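What follows is a single structure, and I will ask about it in a moment.
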Amino acid sequence: MDAALVANKRNKEVVVRSVKRDKLLGFSSAVVLIIVLVGVLAPLIMPHDPISVSFADKVKPPSFQYPFGTDPLGRCVLSRVIQGTRTSLVAAAVIVSISGVGGVLVGLISGYKGGKADSLIMRSVDVMLAFPSIILAMALIVSMGPGLGSVIVALTLVHWTGYARLVRAEVLTLKESEFVEAARAMGNSSSRIIFKYILPNVIAPVMVMASLDIAHIVLSMASLSFLGLGAQPPEAEWGAMINQGREFIRTAPHVTLFPGLALMVTILAFSLLGDSLRDYFDPRLREGYIE
Amino acid sequence: MRRSLSMVLSILLVSLMLSTVGCGVKAVSSGNQSLVVGEIWKINNIDPAMNGTLTMEKALITESLVGTKPNFELEPCLAAEWKRIDSNTWQFTLREDVMFHDGTPLNAEAVKWSLMRAIAINPQIQSFTKISTVEAENERTVVIRTTNPNSDLPASLHYSNTSIIAKSSVDKDGKLIKPIGTGAFKLEQFDLSTGDMKMTRNTDYWGTVSKLESLEIRALPDPNTRALALEKGEIDFTCDPPYNELERLEKVEGLKVELNKTARTYIIEMNLNEAPFNDLRVRKAMSYAIDRESIVKNVLFGCGAPAIGPYMPGMAWTNENLKGYPYNPEKAKQLLTEAGWSDSDGDGIVDQNGQAMKITLMTYPQRPGLPPMAEAVQAQFKNLGIELKTEIMDSTAMSEIASKGKWDMKMSAFATAMIPSPSYHLNTLYYSKNNKVIGYHNSEVDRLIDECMVADDQQEKYDLSKQVQQILEDEEPVIPIAYYGVAVAMKSKVNNFVFNPTAHDYMLTNEVNIKE
Amino acid sequence: MWKFILKRLAATILVVVAASILTFGILHLTPGSTPVTILKYAFIGLEEIPTEAEITEITERYMLNEPLYKQYYCWLKQAVQGDLGDSCVYKLPVAELIGLRFPATVLLAGLSVALSLLMAIPLGILCAVKRNTFFDHLGRISALFAVAMPSFWLAYLLIIIFSLGFDFFPVAGFRGISSLVLPCVTLAAGMGAVTMRMMRSSMLEVMSQDYILTARAKGLYETGIISRHALKNAFLPVVTVVGLQFGHMLGGSVIVETVFAWPGIGKLLIDSIFAKDIPMVQGCVLLMATTYALVNLLVDLSYALMDPRIRYGRES
Amino acid sequence: MVTKQTTSPLLAIRGLITHFQVKETIVKAVDDVSLDIYPQEVLALVGETGCGKSVLALSILRLLPKNSQIEGSIRFNGVEILEASEEELRKLRGKEIGMIPQSQATSLNPLLKVGWQVREVLQLHKTLGKFEAREKVVKLFTRLQLPDPAKKMNYYPHQLSGGMRQRVLVSMGVACQPKLILVDEPTKGLDAVLRKEVVTMLGEEAAENRSSMLLITHDFSVAAVLADRIAVMYAGEIVEMGSAAEILEKPGHPYTQSLLDSLPGRGFKPIRGFSPSLSSLPAGCRFQPRCRDACPDCSALHPKIALTGANHYVRCFLC
């Protein structure tokens, strides 16, 4: 019974593709590591003092001495971007994690419980969404003084609503599925069902939203600076720097370009890392073997 | 992966570099005499009693009783002449040949109605003019009585919010339909939703009829957009494009740029009730430590001028022989040590019996020049050994914190001639009972200001004002930094626009037209 | 289903009232006493110091010395009868100015969301289907750049290239359809990127489900499988994100409205907040709260429509 | 059910190898399997969970995920499936080879009505209009004893019970009267009564359409009722194949014997040990670790499948 072995060429690239996917995971985690390192080692690797004003070399284009050029007050943009890694990303990380965890919790409970609790929570989400976050930011500045602190609190109090709504929608679908009914039939408590069965299925969209949220947060810090409510000078914060370079976009685009690019690379790294981690952990998506 | 990343990056860089190439202005087809102006502020309201600067100085629809020359001296406008009958009574005689846009003549009755309406709407007019009654003695004479003697009444009637409109401007229950003025242009159409205004020429204007057939004002709140719209040719005239682009715009073929100074001064106010500001030597040291030329050149990109006294040169009552505090870091250090402040612990910050000089400077972002100026002053004070922390916040938050007394310094851009009177600014900022926040008390200054406000003869007013300015320079309760610049950019074909410093930011006139 | 909708509409009123109470309260917490701020922004200028007489005049004119709850109560009483009061800064009926500005915002928001969906859905599907190919990487990277790109960059870039360079569109202002294009593209880019990533992620989830295998076993074309089977299931989480974006967009994007001099309510709201023009702020918040609640109601209804398993008080 | 050995087989699988690349390991789900199915014949493929029987079915329709490698030859009705283009495959699936998937809970699209999901395959292959297709579905549902079929057509999957969903899947599989029906664990998760109903239904359907069936199950009693021939699969290999009667009475391979002994009716004796993981297969005979009468050769050499009687193959040294 000699089988006519017919090799199928389509399958050859299969081996190549799965190796590539791990390369992406490697690449994105490497970039994230670099960014974190830059944030941690900021004071050591900065070529110049990020806050010393020197009008002599104001708004110089990128050169060997100033790789990213200088800003309107003659400060080295590269050093400020490096310093900014610490302020912007820490602020964004704090906001995303607190509002993320809070929003997911609220979404889980509201979606799963349904009925009175759900409508009460969702309507308060509507109130928060309708309420302009700028007023909150201004009010907080009175009690906490201007600067990043009040910005972080203001943005956290507003950002959780996005997560709550997204997670609730996912839960509404999931709680009807068979495996949840099975879990319920086995006598699991609702909190166990929510965290053991529903939460893992909700992680994927939340991760996508969280990695993008970092961009939204730094950009809303830029618009807050535009309204005079953001980080206080001379602090180096990407949002404030992007905004400060706004009027120079035609004569000295590098002032706003490089902090913006730093933000883009960070978002690229975090999102790709988020994607590959999700693919890595999510069994169904591993294109695995079907039992 | 890497290939796609670098590709996206290069597209981004190329297109942004493209933006710095100044392409020539497209010749907009409208050869006819029409001018499109890019205005700075969003236009939500065209009631002359509230937005007089727009209706009088920019749209040229309304006019006020009293006009001013470029050097802030008063001159007749709708009122041909005026004289003071007694300390509280004034008599204004109107010009004969003036018609409102609706064809009705300008008479005393209309002026009375218009002034009383303005006072009812805008509380500031009452505090400027101190008017109690306005009577129409006859067709062309208006008698105005004030609650208490106000030698600045004529000057306050130059204020654009007092500009005169006809009764037909409002409907039966007093709601404004359309401002009907006496100006060189008539309001054709105001679109509240977009905030755009269109005016047409007033052919029977009492002055020289403008050559321009139509005038359009569009609100473009973003400086970059104003510059782009001008380069595109969508607008012919605008004010305050981004200061750093002035050089570039000047070189663009078909455009021209004018740098001017207006009656507004960047100043630093200090809390004189607290140390170290109560020490004159410290204040002088700080004033000497500020390099005003560098700030004007590098922060304002040449749009403004280093300040000597509170008033900019060219105003009738500016004390020309003030010396000011030219940049002199050595003198500043010397004054500081004289005042007992020296860097004993070598940390780069001067201190006195163990107390380092760490102070906070507050300012606000609504004037784009202020935040970078604060940082420049911070750096210059650092060389002097003073650690200055800058705080940017909303202007009302700033004045609220200041009124509570817990503040050191605040920087703002103060209008010095809201009304063209030599005493108005001095009175509001330096008169002891008016400036509790700063805490500056000088009986001599108070006396001189009182005399100046009461004096009738203009020249006498100017001399008194000059004396006050000299004392202020000696005592330096407030540090003037720079005179506020206004950059006006327009197409080369815009003809005989003459900048008038008495304007709020810029003022058009009926002489402006388009070169053939 | 109708009982559910009526219940939600009743809840909307509560949401609106709650939002306006919150706004009213916190606005009074923000810096600067109300009469002083109104004077500065409406009458005397930013840096002037108002006199006592001026402050008392404004306080009386707008009843600012009344206790807060009384002020709110009489605003609410009037609002219920449709009179939103007059703006302190612009001395115009609030309803009139908002009524004129809101259509421009809705038009811009609607078109931007539509454009972003038009871009994002097909791209999201393609990236999911052609997973880990060059197209997928390029799509994801450009989406990430679009998300992280400050909106005013894109705005100026578009103006420089398409208005200054090619003279296709006007630079700014709301002058007919052609002036809509650039602001819409600016807004749509950011939103589209988020929607695309969300679509890709949920598309990947759905394509690995068993019912997709059944559909393939039935011999359907790949495109048929995607359009008839996968799309509907993948669209659920995306609807939420789009609902959020449309709601957020109604607040108007201050940056785009400033750069393109677009007469929306975004800039009007921000200016009114700074000027403490409370009736105007209340009017804007009233409008935004209602539209938020209605948009979210529509989103929730669309769940029930699209997913029969979700029951809102409806017998199955 | 008379098996016509003489005619050429409807489906001929020769040396089929299906492997999966999961990270570094290679999972050998189907390892050199050869079998035939003749027209109107029911072949039961019996084996424990995880022995690769589902993968075999999916290989026939080439519905495997991207990380699979497939070699060997599958000829169906003269067409070599492994060489077929996507277009040819599409015409095969659903029309010539129908599949009844395994888990009735997740194999129906939750957002579409069941009637529509069945109608879809009819309209695609039989080019029926909407109304004829709908009537055909109602006929199908009635034949499969779905109560009140006209109403049930507009129900969504979550509104139907497990049994009813199973019937919908069956109707979907047989709708176009395919020549070959692949049935994957039709009785899994059903109670005894339902199991009997499903078994009789499958028998009637096969007879009705004169189609042959590849019945994949772990339950010998189902195979006993329906199958003409039975093939026993263990760890990716066919260890025994022959007529149903022979396999049930005179099982040749020790694994088949212990499988049969584990049936309730035959002593309920469990098989000791576990079936090996398909990514780390033992040397020699794969059943050796669990085989009662293994001999030294079994662990060293890998037995070939050999004819031991009329049409009865066994892969064992039979020591």
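Brief remarks follow.
Note that the chains take the letters A, B, C and D in the order they are written out, and that residue 1 is the start of every chain.
Please note the rule applied: a contact is a pair of C-beta atoms (placed from the backbone, for glycine too) under 8 Å apart; a residue touches a chain by one contact, two chains touch by 3 or more.
Here the structure is a predicted model, which means the values were calculated and not measured.
Using CA-based centroids throughout, the chain positioned farthest away from chain D is B. When the interfaces A-D and B-C are ranked by how many C-beta pairs touch across them, B-C comes first. Of all chains shown, the one whose average CA position lies nearest the global CA mean is C. Centre to centre, using the average C-alpha position, chain A and chain D are separated by 48 Å. Chain geometry summary: the mean Cα position of chain B and that of chain C are 36 Å apart. One simple way to say how far apart two chains are is to compare their mean CA positions; for chain A and chain B this gives 44 Å.
In whole angstrom, the spacing between the mean C-alpha positions of chain C and chain D is 54. Taken residue by residue, chain B touches two or more other chains at 1, 5, 12, 16, 19, 224, 364, 366, 393-394, 397, whereas all remaining positions touch fewer. Residues of chain A in contact with at least two other chains: 17, 24, 138, 141-142, 176, 227, 246, 249-250, 268.
Among the residues of chain D, those touching two or more other chains are numbered 106, 158.
The set of touching chain pairs reads A-B, A-C, A-D, B-C, C-D, using the touch definition from the header. Taken in their complex, chain D has these residues touching chain A: 14-17, 20-23, 27, 29, 32, 34, 49-50, 54-55, 58, 64-73, 80, 82-83, 105-106, 158, 305.
Residues 7-8, 11-12, 14-16, 18-19, 22-23, 26-27, 29-31, 132, 140-141, 144-145, 147-153, 156, 160, 193-194, 197-198, 201-202, 204-205, 208, 236-237, 239-241, 243-244, 247-248, 251, 254-255, 269-270, 273-274, 281, 284-285, 288-289, 292-293, 296, 299-300, 303, 307, 309-310 of chain C are the ones that touch chain A when the two sit in their complex. Partner chain D is touched in their complex by these residues of chain C: 209-211, 213-221, 228-229, 232-233, 306-309, 316. Those residues of chain A whose C-beta lies close enough to touch chain D in the complex are 1-8, 11, 14-15, 17-18, 176, 178, 286-291. Across the interface of their complex, chain C is touched by residues 1, 4-5, 8, 12, 15-16, 18-19, 23, 26, 42, 44-45, 47, 50, 121-124, 126-127, 161, 192-196, 218-222, 224-225, 228-229, 231-232, 234, 364, 366-367, 393-397, 399-401, 412-415, 418, 428, 434, 437 of chain B.
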